[in-house]
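This report refers to the structure that appears directly beneath it.
The first chain written gets the first letter, and so on, giving A, B and C; residue counts start at 1 in each chain.
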């Protein structure tokens, strides 16, 4: 790639990034050239994202442009900001482990009228809770999810897998070699996040001490009281 | 639609376009407001064109925004110019009777590299399942495939169609006249069969009730308010 | 008690417990199962479609409540086995931990729903490649056979597995009322007047005691046994009704029918 046009400057930039001195002194012209390199890369990325069907990972871009991944991320992230500032009808976002163009949520009312087919069907509360468990506890076996939910989750997990929101990711090393599940890229896209680590920490959802106390109170065993059992309510 | 927010100004503009005097004198504020209206419409158009699969005709946009077609064309053409001037990696072009975003031909070499290096060479599981449903259940509408798979299949079907594996074969006789898809001759040849009936039988297999329901159901007519015909389902 | 039950409550079995405890501020052990069942049946009638999953999960809730209530209902007096008491506390802590965990994921789920609602306001660009580049695309059908297609189709159309309730975490109830009735029919005529305490002497499991008590009530209802309790919370004495006419087998038939 360094043979093609202004990208020669990319090499210089890259070498500099590795701490290799390329030029004693950075001339004004070189600074402009650097900007140009970025503009060229930016344009190429824009063109690629325009034809890509799924989010394009910084890794793939880094490979194409022969630049370090973190450099690629820096460029892309600055593009994300730039598109946001431009207040267009669409955005460039980092989602599902990559970058993509998508309509601006502010224009949802118009896009909705244009796209006859709605978004994917809404998940039931049961499916959502199961999904939350998998998302936070992954990799996790079906039996473990079951234990937390208190019911068999086979049907729900199968449904989530069919929708591409969760998938088998590995196998338990312990006896039984249970299949372990995790969330997919589709899940990240559905949640509008880049990676599962972007989810708000689970600790935020632990019930307050008042709630825990209320629960505890209601479960208190009163042992010194003798009551007559009745068969009506049992 | 003129009830919704700043688009009230659209009405004023429209009436003026028809030569009806709305205000004796155009204040500075009104001029600004006019610009705002255009900005709002521009953003909405950008959002729609960003997610549209095929070029969107000015007629459809005119219907959506309840503006005259020539006014719509004027707005879109000014957008075409604007995007060209911005020298981005993509362009807004008028093509095939409509407008669409597409990669800038100047970036063709990068798009090519991306296609050759960055794309997966195998059918994804989602694409495979979609292709299989179309192959076995043809002719079938996109909505029916979607109902069976439980997810939106627009992107996947578009991809399969682009690759020449499936194509539009007829239209549903029921209300809505949905486009029905089937596999192509090329697909049959690649599979080494003469017709779809030569595919291995599914056997003693009872499809789920969801599948039966999806296959039996004709597309419902969208009867309320302004129905924007999507470019795919006409 | 006025427990109003709404369908979403039954999405998970711990949900109901949570809901009852938090919303009604009831003592779990005072929850009337009858009230819940009534409200639930009403809810089922109002439902457009019968939902097997909800129905079975409700049964699990009922089972958990029955178990908890039986523990609470038993006369423990002063002779509480320390081990048993300890076990009860342990079990309670376990239940508490489960309820807290359930509540945590319920909150997390509602957060996920908010995230997905926000994300659903944007549509991704999926237009794909322009025609000019299509000839470059790799051959997607490479290595795909007819059999692969068949498998993929079967996978996509497979019915969802039937839903069954996992009751492993509930202690298996070995004792049945029918068996207890049989035992009483053998025992009581021989012993004459006997206290309930004596009748349950050899039993260690609380649930067995409950079952035996239910059997006594059943036979009392049929007029085979007489029950007497002089003081409130006092000793219950059980005796064979001398003019009982039914044969043993008839009794069992009636009970089982």
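We adopt the following convention: a residue touches a chain if its C-beta (ideal position, glycine included) is under 8 Å from a C-beta of that chain, and two chains touch if they have at least 3 such contacts.
Note that the coordinates shown come from a computational prediction; the quantities given were computed from them, not determined experimentally.
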Q) Most remote chain relative to subunit C, going by C-alpha centroids? A) B
Q | Centre-most chain [mean C-alpha coordinates] | A | A
Q) Hey, how far is the Cα centre of subunit B from the one of subunit C, in Å? A) 49
**Q.** Gap in Å, rounded to a whole number, between the CA centres of subunit C and subunit A
**A.** 37
Q) Using the average of all C-alpha atoms in each chain as its centre, how far is it in Å between subunit A and subunit B? A) 26
Q) Which residue numbers or ranges of subunit B touch two or more of the other chains? A) 50-52, 101-103, 108, 111, 115, 149, 154-155, 159
Q. Can you list the subunit C residues in contact with two or more other chains?
A. 123-130, 133, 160
Q. In their complex, what parts of subunit A are in touch with subunit C?
A. 49-53, 90-91, 93, 100-105, 108, 111, 115, 119, 123-126, 128-129, 131-133, 135-136, 146-152, 154-155, 158-159, 162, 189-193, 199-200, 202, 204-207, 211-212, 214-216, 218-224, 226-234
Q.
Quick check: in the complex, which residue numbers of subunit C touch subunit B?
A. 123-130, 132-134, 136-160
Q: Report the residues of subunit B in contact with subunit A in the complex, numbered from low to high.
A: 4, 42-48, 50-52, 56, 60, 64, 87-90, 101-104, 106-111, 113-115, 117-118, 126, 142-143, 146, 149-152, 154-155, 159, 222, 226, 228, 230, 233
Q | subunit C residues within the subunit A interface of the complex | A | 8, 11-14, 18, 21-22, 25-28, 32-34, 53, 57, 60, 66, 69-77, 80, 85, 88-89, 92, 95-96, 98-113, 115-116, 118-130, 133, 160-166, 169, 210, 213-214, 217, 232-233
